[in-house]
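The two complexes that follow have subunit A in common; it is paired with subunit B in the first and with subunit C in the second.
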Partner chain A sequence: MKYVPLVWAAIMRKPTRAVLTLLSVMIAFTLFGLTIGMNATFTKLKAEARDDRLFAFSRFGGTLSVGMERQIESIPGVALATSSNNLFGYIQDPKNRVFVQMNDENTAKIYPEWPITAQQWQMVRDNRRGVLVSRSQADRWHLKVGDTFTVIAPVQKKADGTTNWTLQVVAITPDFFPLMAGYMFGNYDYMDKARLLSDQGKTGVFRIKLSDPSRSAAIAEDIENKFANSSTPLQSLTEKAAYDVTSNTGMDIAAVDREIALAGMFMVLFLTANGIAQAVRERFAEFATLKTIGFSDWGVIGLVFAEAAIPCLLGAGLGVGLAEVLASIIPRFVPPGQGVPVPTMTMTVLAWAVACAALVALASSALPALRLKRMDIATALSGR
Partner chain B sequence: MLRQIFIVTALNFRSLVGRFWQSMVIVVGLAATIAVMLSMLSLSTGMREAYAKAGDPDRAIVVSKGADQEGQSAITRADAPVIADAPGIAKDKDGKPLADRGLNSGVPVLRKDGSKGFTTMRGLADKGQGVRPELHIVAGRMFQPGKRELIVGLGAQAMFQHMQIGDKVILPAGQWPIVGVFATGDLLEGQLLGDTETMLAALHKTSYNSVLVRLTSPNALDTFKKALTTNPALSVTVERHSDWYKRVGDQSTFVLALLGYVVGAVMAVGALFGCLNTMYAAVSVRGREIATLRALGYGAFPVAVSVILEAILLAVTGALLGAFIAWALNDGKQSMFGAMVFHLSVSRAQFELAVTWATVVALLGGILPSIRAARRPVVEALRAT
Partner chain C sequence: MASAVLLRQVVKNYRRGKESVEVLHGLNLEIPEGEFVSLMGPSGSGKTTILNLVGGLDHVDSGEVIVGGEHLEKLSGGQLAKWRSHHIGFVFQFYNLMPMLSAAGNVELPLLLTNLTKAERQRRVEVALEIVGLKDRAKHKPGEMSGGQQQRVGIARAIVADPSILLCDEPTGDLDRATADEILGLLQQLNRQHKKTIVMVTHDPKAADHASRQLEMDKGSLVERALASA
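And now, the complex of A and B:
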């Protein structure tokens, strides 16, 4: 600790160089944070996906009859099938896009782990126009409990010909993973009964709870086969499959993220290694002086390592911090309900960043450290 | 002036060898940035090139007014024959107009790796092959009109499971067998084809998505378009098929390309700081040399320019290296995104882009150090170590 002023003075010898190096390292670690953070989100999505849940939706687009619920429940291994319809629209201005998930009375049973209490679910059932609004959405649209607001949903016509859906906030509930852009949960009956008669009794997606999670993939197949020859064939996915981004896009995004982060680290490594090598070369005589007055080999090497490590670690911290800030802004630009994952800066991400920073510092100071160890003090002191 | 610039720059480059590792910082920085950016862009560029190849300038597509994609368009049964009667359409050997009523739908498929994906299922009517002479059956047979049959493209066979002749595809109210394999040489090969009218009935649809016509010549487009757009009974958009695909391609790849540019920009900023760092160091190391030159009478401007040129040389070298790496790793690889099967591309335009970015970074990273080199008082610089 007592050598910190010494190391600091060394770094600040060329303040411009120190600042530029720090900025470069910071940018590389921002990219690191965003990419590895994205991977962390993917991992978390997969880890938290339950294998006792399935989604089923129309194979060729369009809506499905709610009556199919009973048929799905008759398949062995299925405990419960529920319906929900989505209301995509905006509040006042078309750019204020919102998405309200209209659930039926059983949906709550499918998601017991969500931080929404039974009373809160019941409030939506009791008040047909009620919605549960997540904290982030409530803040965004300045909504309080009891507020009434209107969602204009151009694709969802009501029987009276308008597209204005009036909703009332019954409770503000916490945000939770994986709904990172927030959510609004409404009452399916309200939406269904207010629509044209020909549109009623229809759902967009079935959310299914299984009683036999070990056979989830097989049950998904059974569901597809049951309706294969019907007029509305289904496509069925386990929650694990639905959250597996690689299989959904056909691209190994996690690998691409790692390669980008690696490229950034490579850039930083070169920059830092060069900087330290140059610094040691320029101040060789000074190091010789330090050795003369009693610093051990390892002491001098330690000083050099610290000189490399401080900008690296600082840059890593600032970079990941900046990545966190950028990640929190992303949901504002992404249309809601699309399920676009947002990078999260977990402890793992930070740990990896620190580890990379330390490795870069180590690699950068390795060769100069060797030179210092082998130094012939007399020659070095003479400045040659 | 020019001669001075030349001499100072030549001197500069000769001493570059002595500053090898510092200079490599710029080269590596730009190489990493460009390698990453072009690798990411190879996906969107590949897709755009596949789209550009798909449309034939001899053909025109008719969709309902305002539709950006075929799936958004609806051409009624009544309108289809009106469109087919318009001037400018080539005729087949029976004298009938080569105008085909088309349908589009998504269809779920199983990828080779077991994951669930989807591709496009397209309906062809009686003039389907006439309008598309590049369509050849390479195995099995063509589907019969009125029958619930499909043919699959070579690209789809390569990417998806259960795409062999005899395999069945789930459609509403029944499964349709695959009876043949086709080739077209473009992205249509990633799709399944069937009979429009049969598909229309199966999917409970009442209107077509498009009408595709073969023009008498590429110049006939204007006559054809005018006849349809001035007809008060119709509300359609007419576009040359090649233009249509180009636009759809640009729209579909916009977000992917944007992502590539954003990541590239972030890395370029990192590389920029590295460049600034290196050039400041270069200028300070050459302090005495520059001062001597100026004492001898060389102007400050040639000195400044030589610094910038050095930055540009290093940056462009790095960018070309990075572009080469991206090219070697990606170009030509077969890839898939969503419903599209195509080849990744790192084209000449991408190389040019790399050089442009490198030059911009070098300019920004070289300006300040060059000013410092030019402004530093000669006497002070001569005295510096």
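And now, the complex of A and C:
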């Protein structure tokens, strides 16, 4: 601790340079935090996804008849299937985008882990226009229980020709992973019966609960086979596979994230290495003085490392902090209920940032340290 | 009186490109404890080389350098650094202060290498600054002080760890006459009252007159100069 004032004074000797370096490091670590945080989300998503649930949707796009639900339930190993539709629209202004997931009564049985009570689900059943609004969405739209609001859904016309969908908040419910942007859950039956006759009895996706998760792959194949020759062939996959972004998208998004973070780290490395090399070059005679009065090689090297490490570690902390703030803001700009992944700021992300910052400080101070170790004190003092 | 500094048959060569230049060839020097010695001579004669050898900043090519009973030629770089921190105080021509630290911060630097508490370090810094007459300028940075004051801070830094030997390389070379006399008076005071052995390199005969013994480098050898007061 006794060396801190010495190191701090050295850093603040060029305040503008110090502040700009810190800002650059902070921005790089913000990017690092967001990308590694996104990977943390993908990892958590994959870890929490279950094998006893399947999704089935149209292989070639478009909607599916809800009648298929009963046929799917008849397949051995399937416990239950549910239909749902999504209401895409906005509140008052097109920029206030919302997304209401309209679920049927089986949803609660398929997703028992969701923090929604049977009583709250029942409220939606009892009030056809009722919606469960998550805490974050309620805060965002200033909604409270009993409030009525209108979602304007331009592409989802009602039978009366209007596109205004009036909903009423029946309960405010907790937010949960992976719906990090919050959610609104409405009544599928209300939406189905209110829309154009041609649109009724249709669903976008079937969510399927399995009674035998060990056969999930075979059951998915059975579902696909059952509808292979129908007018709407299905594609079916487990929740685990659906949430695995790598197999899902055909590209290793986690690796892309890591590479972006790595690019940021190299930027910080070059920036810090240049800054510390310049600082040592400018103060070479001062380091010679320190060695003259008794500082050892390693003592001086330690000072240089600390001079590189302080902005790196401070920048890492501030950067991850800023990433956390941004991660908490991002859901506000994402329509709720779509499950758009948002970076998860965990202690692991912070630990990675600190480890990378220390590594960058070590690498950036290596060459100046070597130069100081090889310093001929007498020559350095003479200014030659 | 015991020897503070003893150089025996010291040879030191420097390389200038492909050429080897012998600066000291078989030099012998003995400085008893408590002596104030000035070293004079033309540029390049080897005065600073002697100071560097005595301070453990440079190594001999052959011969012995014994300072405070320690054979410096046998010590490693790390051992020399530790030894310097305990036994030697350096005073430089251009002060070599850290511009971003206050006077007190500069003076405290050698004490950072000790296990002293913060309070004890502060106490010693105050004493050192008081000796050089700068107690009231402790919080001033070098840029806020005159050359003479900066050199006083440099001297305070040199004495704060209570070394037995002070090595001064042209300590008044950057100062006007009046200020130089003040600094030289301070060095005399440290020699007489605080019993410091002082080796001072200087080009200035008037500065050398403040020493109790004057030596002059002449073609790689040392010759005694008669004291002006003698």
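A few points about this structure:
Just so we're on the same page, the second predicted complex is superposed on the first by the 355 of 384 C-alpha atoms of A that agree within 3 Å, B and C clash if a C-alpha of one lies under 4 Å from a C-alpha of the other, contacts with A are read in each partner's own complex, and residues count from 1 in each chain.
Methods note: a contact is a pair of C-beta atoms (placed from the backbone, for glycine too) under 8 Å apart; a residue touches a chain by one contact, two chains touch by 3 or more.
No experiment lies behind these values; they were computed from the predicted model shown.
Once the two complexes are overlaid through subunit A, subunit B and subunit C fit side by side, free of any clash as defined at the top of the document. In the superposed model, A:N164 makes contact with neither subunit B nor subunit C. Of the two partner chains placed by the overlay, neither subunit B nor subunit C lies in contact with A:S65. Using the contact criterion defined above for the overlaid structures, shared-chain residue A:A228 touches subunit B, although it does not reach subunit C. Within the superposed three-chain model, A:S24 lies in touch with subunit B and out of touch with subunit C [touch as defined at top].
After overlaying the two complexes on the shared chain, residue contacts for A:K291 are found with subunit C alone; subunit B is out of touch.
When the two complexes are superposed, the chain touching more residues of subunit A, out of subunit B and subunit C, is B. When the two structures are aligned on the shared chain, A:A263 is found in touch with subunit B, with no touch to subunit C. Of the two partner chains placed around the shared chain by superposition, neither subunit B nor subunit C is touched by A:S214. Of the two partner chains placed by the overlay, only subunit C lies in contact with A:A10; subunit B stays clear of it. Least inter-chain distance for subunit B and subunit C in the combined superposition, rounded to the nearest angstrom, is 12, based on C-alpha atoms. Once both structures are placed on chain A, no subunit A residue is touched by subunit B and, in the other complex, by subunit C. Only residues 16-17, 20-21, 23-24, 27-28, 30-31, 59-62, 224, 228-233, 235, 237, 241, 244, 246-251, 256, 259-260, 263-264, 266-268, 270-271, 274-275, 277-278 of subunit A touch subunit B when the two sit together in their complex.
Looking at the complex, you find that subunit A touches subunit C at residues 2-3, 5-6, 9-10, 12-13, 285-286, 289-299, 377-378, 381-382.
Considering their complex, residues 21-22, 24-25, 28-29, 32-33, 35-36, 39-40, 43, 105-108, 111, 113-117, 170-175, 203-204, 263, 266-267, 269-271, 273-274, 276-278, 280-281, 335-338 of subunit B touch subunit A.
Remark: subunit C residues 48-49, 52, 55, 57-58, 77-78, 81-82, 84-86, 90, 92, 96, 98-101, 105, 109-110, 112-113, 118, 121, 157, 161 touch subunit A in the complex.
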